[in-house]
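There's a structure below that I have some questions on.
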């Protein structure tokens, strides 16, 4: 294999692993739930992303044909990770009075959806 | 063949009474009588041959494998007994016609009676020991029905149960005994066994066989100490008592002793057991009889006493004693049946059977009274009546018998028994029929209709005839019967009224004298008896029964306490013990397969498994946490599958875990969220220890296997997958082809699960469950049921998932994937629609309902398999080929993929249906109309306009 | 070079796994644990991709894809449970 | 590796069985889930372990792992899903009908249902 | 007619691409099958996606994607620094409210997703009327600035794309 | 490729396919029409009976027939095996199913959803278990059978049934897990799943592997023993049988027999006398456990408070008796066991159906053994109960007696025969006591018989009468029946004909001489 490509792959692998580790570190050491939520979303993006690019480059180089299916993993993660994060945030928000006291007002008559009362009774 | 009919006619005839009862009671009785008469006539047709010394036989093979054949023979003994049973049966039927009241179901009564009669005849005519056992137990069963005929009376029920348990139980012992006798003799035919007495007595099986047979005989014939059931069986209608408890059934035990006399008798053991049992029974029966105030009870214990007499005689083991026994059997049958019927008439006419309230009846009902007095004279052993003759023979035999060197024991006790016998007979006769006529009866007693007293009269005739002319009247019969019992040359004997001054005559006279004294001092004797302890057999039996029931109940309840942990614990302990035994009882050597080096990710995954499992162990009380941790375990298991080259398994595990988690969450929503800590520390340690031991065992087994090499049929799959199955993913080809039958059954398991879930949850939507669901107040919850971001993401995900599902399905035959996994992926995408946009909104948009997916899936899979029939191939035979299309190029078509499509559809249907059903229950909590919109966030009208624009 | 990178990356990811486990164990709340589980899935995907490169095979790709696709369903289901009780309503 | 997997199977088995011994339905179900993980891994291990030898026929493969246990485990996974679904529903309905999620049968003497 | 056959043309394109990516090859067979799936699946799933957002301004789409990718890389590094080196008590975590001008659900969803995927911010909730987004910032020294940046960099473009 | 097979050969798979497709059809087309469901279900069961008769006749020529699914050669594909034993079990199942279905059609089937599909699936599972010649496939069909039985067990049930059902399912899941461990070990050592192939390979096991194989064999045995309700693995049975509906309990009579059948197949054939170092691996456990089972069943029967409890314990006792015979692992014992198996299945079913009718007729008192107002048809029911009790206790003249005598004779070869005799006969005595007590309370100790009380429904009575008639017929036909079963037992224990038929399809048909 071309040493340049090899180096690129190795670098991408290391970058990916680094961000995964940082994400986990954030998860482990940040002081509250909402902050910890930031950790994994980083791991998802640059961590997995770098690894997948490494995989694309590696297989394209070794097989001689363009390997792109790894991109689909990224596609799915981009589609799903924000949902997971928001659902977790909402669950935490609902369960923690302390957290509720920290949120900023909506600036509108309606409250935040998680905390709103009677949203669907009105329908 | 007609001999077989003697047995069969009563059985088939038993169908008759209920059929003709509509035509009236007379018809019914006549039909029953006719049946008996027919049987008797058939029997009598053999009489000439029997008296000529022939032994008529007949046989229908039944179960050769166990030596059972329905075979009968009529030697002297069997013939005599059969004749007696049928004759007395006839009389009892006539008597019963008048005895039974209009309220009594006569049809049923006669059915039972004929069944009993058939069984009894079967016992005495059987040539096959197993057939004999069959009939023997049938007499117990039918007597149960007869004793309990007045089923609304507690004493009848108790008496019937007691009789059944004692005689039926004895019958069970007899089964064992006779099987051993037959084995020792090498034949199941009595006629053969009877001539092999020497072989049997020499066999090591003799003693157990003898003891078991005696147990059967003694219980049936109410011998001490099994005599207690008989009086309580008197709760039966009098015809039953007369028939069963004096004339026939109780004699079955004595019959059996006589029947097997050539085989079993003549040894010391026989004498040492049988003779004293008979003696004791004779004595105790007589003593109790004297103090009974109830006529039937008195007669019942008298019967016990006389059965003892017969048993004792047979127990002596000498031919002469056997002759005496046979003679007494004949005599007792006549006078005792007559007395029972008389007692019945008295009861019928006066409304009481209590001697203390009776007296002088001979003046009020002269015919009955006279007949009864004659019969009781015979029972007392007064000369000129047949009872005297056989009693004299008994005393004569007793006088010459020494037991264990005690030469006075038998003579003295036999005399005492005779004394009591005279005394109770006298008390019966005098107390009931003699003395002043009383006028305090509820109704003025009269002689009954002729139909009731005629049977008594018929029985009294031989009582007197034999008594006066024994040699002429009874001689041939006794000779015939005794000959059969002895099974060899008869001893020198002479049936006559006068033998000179013999020891027996002296003993007899002593008995009469003593009896006179005893009766004079009856009041004092009775007072003395009342001061002695009087065990009440019925109370004891009932107490013992209740105790048995309670003890059983406690024993069962103690272990079957409904506790799943305990059940599981015992099962696991058994598994560990038996598994451990299996391992240690066979040879084992450590494997030599080189181990794979441990990798860091594997070690980390193991650590994760350890942590998650350990935490579940400690924190399972918090159910949600336990569920999250289970999810972690699932991820690790999937990774393990990947690590060890099982991508298909990993894919399946990943997707199944998702569905399982949702399922559990749906349930947890309605279940308590925590498990209360209940068990003590000791229990937890015990469980932990047991579980740990099992875990250790399983781990050791797994390790043992993984460290050794082995060969397997899998090489064939690897070789044939492509050429034979048309696919390169061997796992998939195994699933859809090599072992497609497993898969077919497996999707049916899923289908059944869905059906069962549906059936289970349907009723949860009504009744107590609904009240409970409604009582669950909605807990603190976000009002945002369908968050916008979630809804939008799932909208994109659904089509993407379908593409991925198609992809996984299509390539499953060649690469990791396949119908299962594709089905799971699509199902999850559909379930996501339910989760995100709400059940109502999503279900409306589902084009096909889940049940149809299941049905269609199973049908496609099944029909793909059946299609092979058309080509003369077995179920599920597959085929594949390659098609070439323009542009698209060459691609493979395999029938196995059609099968896989069935799998796919079923999986989708089952997953969606199960979860949807489960969620349906929870949706009952909140009966408010559901938001028809897919999102709860209410966008401004501008948004709608923008969308339309 | 790639082999070394993979070894280092494997170490880093395992360390990440360990940190995630720490959060899983200490919680304190159910949401923290769900988040840890979610992160664990991401790390599993990373491991699978890494294994794919290490073994030079695409055989494990679908597993990673499936994790990416359905892993979030578990998270959403847990959150939905925490938010509303009923996951499907 | 073998030892690691064997130990993992053992742990899953032990935890699963321990939970099956609990007196309430939910832990029992969790225990059965653990048990089925353990058993699936066990059955899988019966084909011995191989790394990077998936049973997919490729032209230049040196060897393959045993595919048969994999197929069996796949069947077992699916069946145990069906069973789990059913027992979950059963536990739920039992709770809804009786108000107790104890796994005890109610003893005749009116026993020890839980009040939750 | 086109709307009936191709309810989401972009989706069709996406599905075809996804299928080809999945197969990891672009042989005629794969492409044909991809096209079939790209047509059939949106038709099957159309009921589940009732609105039909018409994407405009393809160039804006491209620039939006690039900006987001760049932001992801940049803020990943930033956040890595925060996680690695910043003591917990010096974090300026806070919520900010982002009032929304966009109204299409698809646009709101993309915005929320973008915010979450760019490190440092997580979109935590939406107001019940859908007109404000609650964003949690890991370290926001200037909350108003953060809101302004979101609106300027992302929302304005999304408004052009979707509305 | 093997030559094409005849239409008659396909008959071997039909006992599985017919109920499966019937069930699918019922779910798809008739799920809202109970009457039509009934008709189709009854018709299909009738057809199954005819099919079973055909197969029985087919097997009577003494040939072991193998049906190779997917046309794959054994041991690689799954093979179905029809021999005298499996044909007997199929026929018994069909007869029982017919009677039970008639009872259910009296109205029980309408008390919940999906009775008939579940019933048909249950039959599919049972028939599949009897036919398969593959140990893993046996597992799969056990699961089909079990999951259908869960559905039937809970059909239309109340709270008590649900709790009992949970335990039933939980214990069976535990057993299923052990099944997989056992099968796994056996596969790991022998490398095969086909029973004939196993019969070839087990005797050749290397000494180093024997312990693993034996452990697997014994674990598997415990699974079958659990299904057969062998003490101390019987816990699931009393509450399950007593808790479910009468027809379900009656049908379940055959489920315990599947356990016994599996023991015969696997421990008579694979680990039978010819299994070399593992010969008769399970034998040391069967006899003591069977005796314990008999004792526990009997004690439970005596202590029962309800007729259904009594019936359930009677089933346990009968399984004890049956396995005493099976535990001999010789031709005589097995023939005795098979004769008794058929008998006890029919008798137990009759008893459960009677209990069901009694429960309906007695209203509030249900089937509790306490005095209560007289029920309609008391005399008739009492008579039927009397017959069923005689049958179950094993008193003459019904087939139970013949079976017990056969067993008593067969165990004479066993060293502990006096104990076995004592147990069997002592149990009979206690059972006589228990049944007499129960019967006299239920049918005799009631208030005056009133003609106005409604009589029991006709289908229920018909089902009971049919079952009792079958028992009488079984007793009358005991001669030919025991002869046929002796051949079946001989064939079941004959490794060679089985192995040849399955593994050597080209060889001339192994006909017994």
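Think of it as A, B, C, D, E and F in the order they're written, each chain with its own count starting at 1.
Just so we're on the same page, a residue touches a chain if its C-beta (ideal position, glycine included) is under 8 Å from a C-beta of that chain, and two chains touch if they have at least 3 such contacts.
Quick caveat, the model's predicted, so the values are computed rather than measured.
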item	value
If a chain touches chain C and chain D alike, it appears here	B
Each chain counted as touching chain A and chain F at once	B
Interface with more contacting C-beta pairs, comparing D-F to A-E	A-E
Label of the chain whose CA centroid is most distant from the centroid of chain F	E
Distance between chain centroids, defined by C-alpha means - chain B, chain F (Å)	16
Separation of chain C from chain F, taking each centre as the mean of its C-alpha atoms, in whole Å	48
Euclidean distance of C-alpha centroids - chain A vs chain C, Å	11
Whole-Å gap between the CA centroids of chain D and chain E	40
Chain D: positions in contact with at least two other chains	20, 25, 28, 38, 40, 42, 45-47, 52, 54, 56, 68, 75, 79, 82-83, 86, 90-91, 93, 97, 103-106, 108
Chain F: positions in contact with at least two other chains	136, 140, 143, 147, 150-151, 154, 159, 163, 166-167, 170, 174, 181, 184-185, 187-188, 193, 239, 305
Where chain E touches two or more other chains at once, by residue number	18, 22-24, 112-113, 123, 125-129, 131
Interchain contacts, given as pairs of chains that touch	A-B, A-C, A-E, B-C, B-D, B-E, B-F, C-D, D-F
Residues on chain B engaged by chain A in the complex (per definition of touch)	780-785, 787-790, 793, 796-797, 800, 928, 931-933, 936-938
Residues of chain E touching chain A in the complex	18, 21-25, 72-73, 76, 79-80, 83-84, 88-89, 91, 93-97, 99, 112-117, 119-120, 122-129, 131-132, 134, 136, 138
Residue ranges of chain B in contact with chain F within the complex	61-66, 68, 105, 108, 130, 133-138, 141, 144-145, 148, 151-152, 154, 157, 160-161, 164-165, 168-169, 172-173, 175-176, 179, 183, 208, 545, 548-557, 560, 562, 564, 567-568, 570-572, 574-575, 578-579, 581-589, 591, 698, 701, 704-705, 708, 710-714, 716-717, 720, 724, 737-742, 745-746, 748-749, 751-753, 755-756, 758-760, 762-763, 768, 851-852, 854-856, 858-859, 862, 866, 868-869, 871-878
Interface residues, chain D side, partner chain C - complex	52, 54, 56
Contact footprint of chain B on chain C as seen in their complex	10-11, 13-14, 17-18, 21, 24-25, 27, 30, 33-34, 37, 40-41, 44, 47-48, 51, 59-60, 62-63, 65-67, 69-71, 73-74, 76-78, 80-81, 83-89
